[in-house]
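Labels A, B, C and D are assigned to the chains in the order they are written; within every chain, residues are numbered from 1.
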Amino acid sequence: MRRELIKFALFAAVALAVPATIKGGYLLNVLVFVGINTMLAVALNLLLGFAGQISLGQAAFYGLGAYLSGILTTTYGWNPWTAMAVAAMAVGLLAFVIGFPILKLKGHYLAMATLGFGIIIYIVLNEYVDVTGGPSGFSGVPGLGIGNLHFDSDLKSYYLVWTMALLVMLLAVNLTQSRIGRALRAIHDSEVAARVLGVNARLLKVQVFTCSAVISCLAGSLYAHTVTFISPSTFGFHFSVELLTMVIIGGLGSIYGSCLGAALLTLLPEFLRTFQDYDIVVYGLLLIVMTMFLPGGLVQGFEMLWAGIRRLWPGRAGQDA
Amino acid sequence: MLDIHGITCVFGGLTALDDVSFSARAGEITGVIGPNGAGKTTLFNIITGIYTRSAGRITLEGSDISGLPPERLTRLGLVRTFQNIELFGKMSVLENVMVGLHTRSRSGFIACAFKLPQHLREERRIREQAQELLEFVGIADLADMAAANLPFGKGRMLEIARALAVQPRIMLMDEPAAGLNSRETWQLGDLIRKIRETGVTVVLVEHDMELVMDICDTIVVLNLGRKLAEGTPRQIQENPEVIAAYLGDE
Amino acid sequence: MKTRFIRIATLLLALFSSVGAAIAAEPVKIEPIKIGALFSVTGPPSFLGEPERNTAQMVVDEINKTGGIKGRPLELVIYDTTGDPTKAVQLATKLIKDDKVVAIIGPSTTGETMAVKPVTEKEQIPLISCAAGSKITDPVNPWTFKTAQNDTLAVARIFEHLQKRKLDKVAILTASDGFGASGREQLKNQATKFGMTLTVDDTFGPKDTDMTAQLTKIRGSEAQAIICWGTNPGPAVVAKNARQLGIKLPLFMSHGVSSKKFIELAGEAAEGIILPSGQVIVADLLPAAAPQKKALMAYVQDYKKNFGVEGDHFGGHAWDAVMLLKKALEQGADTPAAIRDQLEKISGFAGIGGVFGFSAADHAGLTKDAFVLVEIRNKDWVLVD
Amino acid sequence: MDFSQQLSQYLLSGLATGAIYALIGLGFAIIYNSTGIINFAQGEFVMLGGMFGVYFYTIHQLPLVAALVLAVLCAAASGVMFERLAIRPLRRATPLGLVIITIGGSILVRGIAMLVWGKDTHALPTFSGDEPIALAGATLLPQHLWIFALTVLLIVVNKLFFQYTITGKALRACAVNQRAAGLVGIDVRRMVMFSFLLASGMGALAGIIVAPLTMTSYDVGIMLGLKGFCAAIIGGMSNGIGTVLGGLLLGVLEALGAGLISSGYKDAVTFVILLLILFLRPQGLFSSGESERV
């Protein structure tokens, strides 16, 4: 328990110290998006990595969050924080209601159903022009602020987003180490055995689905208020797949892995500008190769590497043995 | 305690169970035996809500429990173990038992995520209880091992500890001795008796005749989906129909 | 051992100092003028971004070959937005903060432009968008300009033509993407002004493969003409389906398909279709005295020489953007604010999209003369009117 | 132009589109039935069929028939390669792993197609002219007749193949129980490969035959694949008539949705129906058997 807390504290300290080491500019802006994507990847990982339930419709909750926040604040002049809370509640309720029939399905059928849900939401965002602005997007979303503090620079946005992201990570780590986390992992391993032990698998799956939707929705609200412009194309199927890739690359069931995956997939294109047209191919290859050779993701890879190094280091290995 | 009334189960055109009735008395060990294909495991799966029955009724202390899902049964005090032990392989031995204590704790999402004090207290309590249960079945020294790495015999003990964690009033065991060597089987017999002494009613399906005859108070014999006989071990051993069923026609 | 070390060290030292000397000896380099470009070279709108990138790079290279602007070369930093507004915003920030550009051209689509607009406004960098949506410059944002013709103008062209033919009941069929949605808005807004009744207002998905249902509905209505608004391949399917259904109503398309690709895709079904287009596709048909003729011919030929295919009007938007910037820079402006001021003063500049004339109240700068109506006949364009 | 005429056009157009979905759906069903895999990359083989067709016909100027045959062969070969490289090495595959692998595969195939052939949209010529044919107050193109004919042909061939040939029977055996099939001497690995060959070939055929109507580009596979999958789900993942009926129903609903309700929401209508079917009748509309999907 304590070790886990120290690990998190170290991680948080590094995350919050990052802006001091880079001198502003573009990288900081990208890191804001890394924070948002971390929230989304952690949300998906709770569902996929712990409960073992796939979702290809995460972008829908993300989009709903962004649009509800955008519309409530811009069209109806609500306070952004109120709007964010209301959006989260509304999306949570929606996820809870559709969760029961959707999570009855398994495997491919679950993938297909969540995918279908994602597409339906995307179509609504695209077609309900009078409210959402349709395909050309929705602009003029106000920024966030507390009292006189307005989150209007990259640095301030960075701290806002990463405070949220770190909070989400901490809560997720706590959750996975609690009775609920154990029950979820139990469902993943053997649903029948878990149910025999009194775990209400169905309800728990719906609850974690809801939880994941609410986090995604919050990330969406943050996105809307940070970018101040939203359009449906950000929340399409391809983004759901991108999120899936982040989680898989980072490591199923590892919260820090999700952050790593989100950072990698958001930053990598920046360093590989030369790839341009090739990035879609690289994506596909990454998904296949990782699933085939490193199903535990990079985090597992690092652990294996670490174990290997320790074995090579006779002194330490000797002490351990 | 547990009463089975005329359970019938039909798969497609095949009748797996035909009008089977018997009772397991409180505080006793009841054994269900029968040759392969007699329908023993099917019966267990029906009682524990994994398969659906075609006809019949099951009551637990007089209240109807037929067709309830497994998680509801557990809350009513009925738990089972599996023939091929179903452990949560990626978790530690201790954690496996802690999952068994799921119904004995009630912190919700919020309490867990924010580590509220009552959750932390509860977590400590669960951990201690789980450790005690591991001691009860005799594998306390393996608490931190990954369950997947346990030898089969120890895995069986873990599964029993995990089932005991839900504090059942009645425990159904599906071939607990399968895959155990004779020493382990002997230990198992002791453990089952110990479990009965704590006041838990036990029903077990078993192939190992020696074990069944040794520990059971009552034995039910199934053959080809029907109940063939019911009685004390002595009565069963002397029943000509049972002998015929096991040895084939003379 | 020791002597060897000294020998190597000396050698290395000599090497470094010579390199250092070489660097020092080089004459002081003239600082280039850095301009940024955001195009969706990949992704769904790549049909816009690819010619735009090609054109912008081509024009900048040419300017540099002829000595740059006032002796200073242009440096063009191009990023691919893949049609994603989020990426567009990030890359705009990158251009401004890391590359420190003085102006940005692009992005390719209306959505991306709307996303980037707040950023460039906050950082006070002029943005010359290559997207068509009217709302980019309406209301006018001091830092945002655009070169693509407003769809307002294209719609006006078609409606005027219909008025002349005394047709006033129209069915509209628009794609449900940014381009189509913007067109639909304009068609609906201007219908009353031109006395048009919209009998059917339907949409199709940009990736749909069969539009007979919508066209059947139109056939059953009182429409006297059909206007279809979208970019390839949707409108080609519409044309084919209309032919299949035997619909004889005059069919109008948008400038979104004014390229040879459309004729190739729609084949026979393209015959007789009328659409508003920038003048670039009919450059050779224009009278020699036309103001844009010179620019158009030069662009078409250059593009053909460099990329083996004829330049289209999408690339033209980038051509105009770079040339407008060049004009502003030639006036001596080299800070973002000065460039912005100079851009606003440009008038009578004959580019590819039309004759531009900006003012404080108009950052789109074109009139409806920017469009000509063309008809497709024998797999080629013919001027109407 | 009366309403009944409009309606018959909706129905006919819907059936024509539906037949395309059915063809693609059959590919899903074949692989699912012999391996238990939902191949999310199936749509990409439809795309490959169309693009190879364009490649051989337009670039290499081969006669149409030769281009078609070559395109189907190439796409089928790609299908086999995909199975060999991405599916077979995955031992002890979980359904989740397979979903992710096939999604990755579809992205990869699409990406490669984009790099090789560019991002342009291409058209193939129709097989026998494009003079519309009038039928019950509605019109069709000759190409539609080709599509219907191919659908019928494939159902018949499928039926015969699975019913009467040794390979077909072996595939069916694999569908029932892979391990048991292995025990009676069926080479399960070869059968899995064969089902991929069959499915990608059929997908490619569908891709080619629709290309003259719908045109093709590197990214047509996603939507067509999804619609084909819907068809297969509605039809209960059957190898034959169920999936075809599912496809036709889907096509008709889409056309009616676009014509009578709203063209913008017609895809949403499709997916709502898909969800309802998954929720209420996961075994599909046209089968009555027990199902393991829930």
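Please note the rule applied: a contact is a pair of C-beta atoms (placed from the backbone, for glycine too) under 8 Å apart; a residue touches a chain by one contact, two chains touch by 3 or more.
Quick caveat: nothing in here was measured; it's all calculated off a predicted structure.
*Asks:* Leaving chain A out, group the remaining chains by who still touches whom.
*Replies:* Chain A out, touching clusters read B | C, D.
*Asks:* Under the document's definition of touching, what chains do chain A and chain D have as common neighbours?
*Replies:* Correct list: C.
*Asks:* Report, in whole Å, the distance between the mean C-alpha point of chain B and the mean C-alpha point of chain D.
*Replies:* The separation of the two C-alpha centroids amounts to 48 Å.
*Asks:* Centroid from C-alpha atoms only, then distance chain B to chain C, rounded to Å. What do you get?
*Replies:* Distance between chain centres: 73 Å.
*Asks:* What whole-number Å value describes the gap between the mean CA coordinates of chain A and chain B?
*Replies:* Chain centroid spacing, chain A to chain B, equals 40 Å.
*Asks:* How many angstrom lie between the centres of chain A and chain C, each centre taken as the mean Cα position?
*Replies:* 35
*Asks:* Where in chain C do residues touch at least two different other chains?
*Replies:* In chain C, the residues touching two or more other chains are 42, 44, 176, 203.
*Asks:* Quick check: what residues of chain D touch more than one other chain, meaning two or more?
*Replies:* In chain D, residues 114, 264, 267 touch at least two other chains, as defined above.
*Asks:* What positions in chain A touch 2 or more of the other chains?
*Replies:* In chain A, residues 126-127, 277, 280 touch at least two other chains, as defined above.
*Asks:* How do the chains pair up in terms of touching? List each pair.
*Replies:* A-B, A-C, A-D, C-D
*Asks:* Across the complex, what residues on chain D touch chain C?
*Replies:* Residues 1, 3, 5-6, 9-10, 13-14, 16-17, 20, 114, 119-123, 125, 130, 132, 139-141, 210, 213-215, 217, 219-220, 223-224, 254-256, 258-259, 263-264, 266-267.
*Asks:* Can you list the residues on chain C that touch chain D in the complex?
*Replies:* So the residues of chain C in touch with chain D come to 42, 44, 46-47, 50, 176, 202-205, 207, 209-210, 212-214, 216-217, 219-220, 232-233, 236-237, 240, 243-246, 261, 264-265, 267-269.
*Asks:* For the complex, which residues does chain C have touching chain A?
*Replies:* That would be residues 41-42, 44, 79-80, 83-86, 89-90, 93-94, 97-98, 110-111, 114-115, 117-118, 122, 133, 135, 176-178, 180-182, 203 of chain C.
*Asks:* Over in the complex, which chain D residues touch chain A? Could you list them?
*Replies:* Per the stated touch rule, the residues are 38, 40, 86, 89-90, 95-101, 103-112, 114-115, 222, 226, 229, 233, 262, 264-265, 267-268, 271-272, 274-275, 278-279, 282, 293-294.
*Asks:* Okay, in this complex, where on chain A does chain B touch?
*Replies:* Where chain A meets chain B, its residues are 171-172, 174-175, 178-183, 185-186, 189-190, 192-201, 207, 211.
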